[in-house]
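Next up: some structures, all given as structure tokens.
After this come two complexes, each holding subunit A, first together with subunit B and then together with subunit C.
Our next item is the complex of A and B:
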């Protein structure tokens, strides 16, 4: 084993050697990952503009095999799969992005104020976090959908809210570290208002964990949103939606598999792209080989509970 | 050995934080661990320690109390969300077929004609006395409806958890031992790619490959009627289990690999090597137990994930479990069933969380002394 350089625990140093070997290779790999995700995003955005027909028009018989007219065949009602694929992504993406933004904003606000104010506010916020964390994310969304119905704004709100506690935990732990630093102490001695300290001094230092969190939450949002659509609780028929398409057309898998394979592959490419890109960001900015939430969980075991 | 390591870290950590700028989790962890080791250093005489409550027992008791409290609040949230939030649940259930007579009957069945507190109390006390009520969809007793589904889902979760944990730990350990080999690279890239895949995409891929388009080896959907047990036709379990295993293994693999590499590069393994301990013994007796300890928490997390993951997978494969029951109940707005299943899943979540923490604590000796 090499002699541990001062400044890093041995494990962190061991991990660094791997990424340090080919820096340009890492950059290239990251670019490929980003391209993967952005290609799908691009397809979803410009899809409606280049779509050969309307996604809801009945054009041929059900589950027609791919042909010259319809390169991807037709779906269970005889609609053009290509048109539906091109039109079926943008709502999913907007909803996932909105839920991510909502979750990050609420979670960051909760995490920073819990860590900075400590005391009763901390206890209250973290207990609320515990309650929301007691629901699996998908189940939490289903619970709200079950009553109000599959409204899109509700799904965005529910998924965003279910992200918030996880973001809050990560951000709280990061903030705890920052509040001990000198530059925070200095402005506190200058009697800067707490809200200003949080916004001006602490928030800018949370950029790297926030970037990683945003990437993670975006990936999970896409997974949950497409899952809800797949279950039939997202966009309602006859709307075109990748998740919904997979469920609608899987009975005809033997007849025209492309009606299922293409939307499934697009969702897969999208989540793989966002996740691997997030992973690269995490390696660079946090220098860790594992997801931040895992690190926090193994970290505060039996110690982080402030009671 | 540990004390030696811990003594080195505080200084290392100070230097690290000065030049590293923004927060790093590794530094944070090092700081806390060193704090623990330092706090534990002035050991109390054994007699004094025995007089105190056992730290683990105390922790378990505290977590249990917090868990019960959390569940109570969860029950209020579930109740409020389903019964009170939309104004009138009876109207929501009946939808277009609502007429005054049916509305009135349903309001009485759901106790909507009483006050909120009384409604909640009737529901909560019903949970404990076994008077769970009946399903709105078919009038069947709730317990008769949910019990076989619970058993089926439990089988699915535990078979998956067992296979997934063993596979993840084994693959992670091998990848760490052969670090930077082709095996390590292939498995690491594959794990990273699969980590993010939605369950239903994996399920559909398996169905395409094994059950429909490419090969017809296994049944694509289970034709088990609700109310029967899954083990009567084990073949039907294969695809749901395989899907969930594929989804959970990457997490366990990644954690195990990282922990194993950390253990293999540690001072105590170095020490054992210098002493001339045979390599297989170093791996099995020194590195493996130390790497499994942090992995247990991730395994626990994956059991937690399974509580939500079964919903989609059971729906895909038409597997008569609690997740499929929840989807059906949401489709039919069967409020008593939704309330009960969500509460069961939340209870599983809370209990598993405590169990995981305790096991991880037991597996990490140096944390037993610290609180």
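Our next item is the complex of A and C:
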């Protein structure tokens, strides 16, 4: 509306500047999130090296309470929970990361080609995406695994493939925007090959949305991987796995709750940590919290910056 | 005038800025706006007064802070900025001390704002009538008869006051009508102060002139104080009685328009005026090299000193205080010396005449369509070798489509395009690689034509790889030389577009076009996204390159004033057809077509 001019009175402006947090505070909060996530990752990676014993050895009776010898007690077969916790993360993490990478690569390739080539390729790719999206993500993965069997590579492929459509959608719309920019027309006038245009000109401009997607998909991967393990479709017993441990030991929750609480808490911490950290990274790359100095300077002529 | 006679003369001719007869409506005193709590100042030391019935022009280039000042007049700042000190007095009341509720009641009713882009300012889902009445509903008691007032204000804004008009949605109006609705909304509550932020920037010259006439008559009949913000000196010069020139957040010169524009004193004002092209003269344009310092990097001295040919050591060490010279205030310690310095007249431009050689490029009966919509119908055009042809027309006339057909971006056309004796096929991929290389195209907006993720070196070397297939080492060597040709140093090779100013970006785009040594250069509105001082530098650069390299050039522009400075021939396009063509002087000064004549008459002049 024109006459009631936009904006806030001085009192409101003062509030605005106060709520805009000091940059250091943002950095600190991001550092805490990073620590949280990396602690769990560290635990999963170096866990097998510092593990007090083998995770599959039957060392005591079932559901033993924590003791000096076994700080987290024992599980339903009398195995050391600490050893199993320390050994049960890395496969989960690797599988989640691999599935994310696979999903991002396939989704980006599909999204960029659909948006850049348009026409029939666009229709074909996006309708396929719609079909896959019609299945809930977990159900899609479960379907594949239950048909072919619980093989680890298959789980990675299935989870990755279930990410691809969502990545493709986001990347397609981001690419549509970039394709309209003049610099793409410039290289088309140089008769650059379409594959090269996509790889060399468009892809580097997708870094921000890709970072956001990668973070989001990694979080989902961890949750789905743990869920599949919990349901028995992941690593098979007697292997140690946080998701599997929750399922195996929930019958003895009253006897030794730590056998369930610790793996559950680790999965939760990992998810929250990666999510908030990647969110912070995304905010930085997208410039959400950036000071408006540049905007002020370029606004007078109404020139948008191409970021 | 000599320096000795200055004080007496200044005192004698100094008239109070506000006429005694008219009452000062708006008074701004020592306004300062900072970034955040303790950040650098964006604007400072802003003081001016506007009497009732007068318009103050606030001119400056991008980043000068003119919009920031304009918004502060409404008690508003953009996010992250803060009014740190100063007063904005409207009829004696300081708006900056008002409470939130009082300020809201003031806005719209006593202070009104007309934004730059009317299409974005009007709500696309509400009818025009609804939006106009809304302004009156928000301020009950502002007028007696709201329904009658809406019709009255529409008539005053020279809109058709019929009920059908009120029932329309904004998208059913033309750009000029939209801006008139914006004006009607601003005036409907009979405000005391009206702030106009470049209200004609997106409009064609004819529409612009009509809107400006409306603004002028509205301001006069309402007796409001108005502040008109613009980067277009010619527009401001024809509209306002008093003008303030802003540079790097300060008012560097303020006074009566006739004085400031007729006999500028501040070196920046002088530079700015020398950069403005004129449709009536064929002169070289003198731009201002360099760029204004950003807030926080302005140093202690005069912000203009690094770009000023009059600068002395003192300029760099102390910020100049305003001095009164010949009825205007100037922020320059060397004002007297500058004024006595001879004004270098710009050199006249003369181009090579038409020597009857066969044209480098010729278009015959080109008709093009987008989907089913015809855009061009039977366009004929010749570009002789070694000369520049200007293609002129308003928005929507099909200028850019002509260019896109020539370079091969738009393939849906019929007719014949001949380049150096060979016919060009409509589709780019059917053209020989060498023909593609010989025709280079420079895009309008350097903010979107450079890939932000690539270095300048990569950008400029790219066509060498694609069109000539040169090895890497030779590519980088040639790219470096191309940058030097457009007056950019080798150190630009490793920079990213984000680190460059608008003018530097456009130079990079020019270097990218010239690196493959084309024979025909097509410049599509290459200066319309740039400030006037930068525009002048770029136009001069293009003219020099065209001469040195004997390029054929097609210079597409909507800016008639610019045509004289660069082209030898002009072609006027209207609704996809050529209405007039010939040598520049003939087309611009003795147009045979009524449309060309009207365009020329509507161009704002200084």
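Just so we're on the same page, the second predicted complex is superposed on the first by the 266 of 307 C-alpha atoms of A that agree within 3 Å, B and C clash if a C-alpha of one lies under 4 Å from a C-alpha of the other, contacts with A are read in each partner's own complex, and residues count from 1 in each chain.
Definition applied: contacts are C-beta pairs under 8 Å (C-beta built on N, C-alpha and C of every residue); 3 or more make two chains touch, one makes a residue touch a chain.
None of the values given here were measured: they were computed from a predicted structure.
Here subunit B and subunit C are compared by how many residues of subunit A each touches, and B touches more. Look at A:186: by the touch rule set out above, it reaches subunit C but stays clear of subunit B. Of the two partner chains placed by the overlay, subunit B and subunit C both lie in contact with A:205.
In the overlay built on the shared chain, the residue A:177 is in contact with subunit B alone; subunit C does not reach it. In the superposition on chain A, A:144 makes contact with subunit B only, not with subunit C.
Residue contacts after overlaying the shared chain place A:58 against neither subunit B nor subunit C. 1, 4, 6-12, 14, 205, 207, 292, 295-299, 301-303, 305, 307 are the residues of subunit A that lie in the contact sets of both subunit B and subunit C, per the superposition on chain A.
For subunit A in complex with subunit C, the residues that touch the partner chain are 1-14, 16-17, 20, 181-183, 185-192, 201, 204-205, 207, 291-293, 295-307. Of all the residues in subunit A, the ones that touch subunit B in their complex are 1, 4, 6-12, 14-15, 18, 127, 130-131, 133-139, 142-148, 173-174, 177-178, 205-209, 219, 222-223, 226-227, 230-233, 243, 246, 250, 253-254, 257, 260-261, 264, 267-268, 271-272, 274-276, 279, 285-290, 292, 294-299, 301-303, 305, 307.
Residues of subunit B touching subunit A in their complex: 8-9, 11-13, 15-16, 19-20, 22-30, 32, 36, 59, 62, 66, 70-71, 73-74, 77-78, 81-82, 85-86, 89, 92, 180, 192-193, 195-201, 204-205, 207-208, 212-213, 220, 251, 254-255, 258, 261-262, 265-267, 270, 294, 297-298, 301, 304-305, 307-309, 311-312, 315, 326-327, 329-331, 333, 335, 338, 342, 345-346, 349-350, 357, 360-361, 364, 367, 370-371. The part of subunit C that touches subunit A in the complex is made up of residues 35-37, 39, 42, 60-68, 71, 74-83, 96, 98-100, 103-104, 107-108, 111-117, 121-123, 131, 134-135, 138, 182, 185-186, 188-189, 201, 231, 294-296, 407-409, 428-429, 433, 436, 441, 443-445, 447-454, 462-463, 466-467, 497-498, 502, 512, 529, 531.
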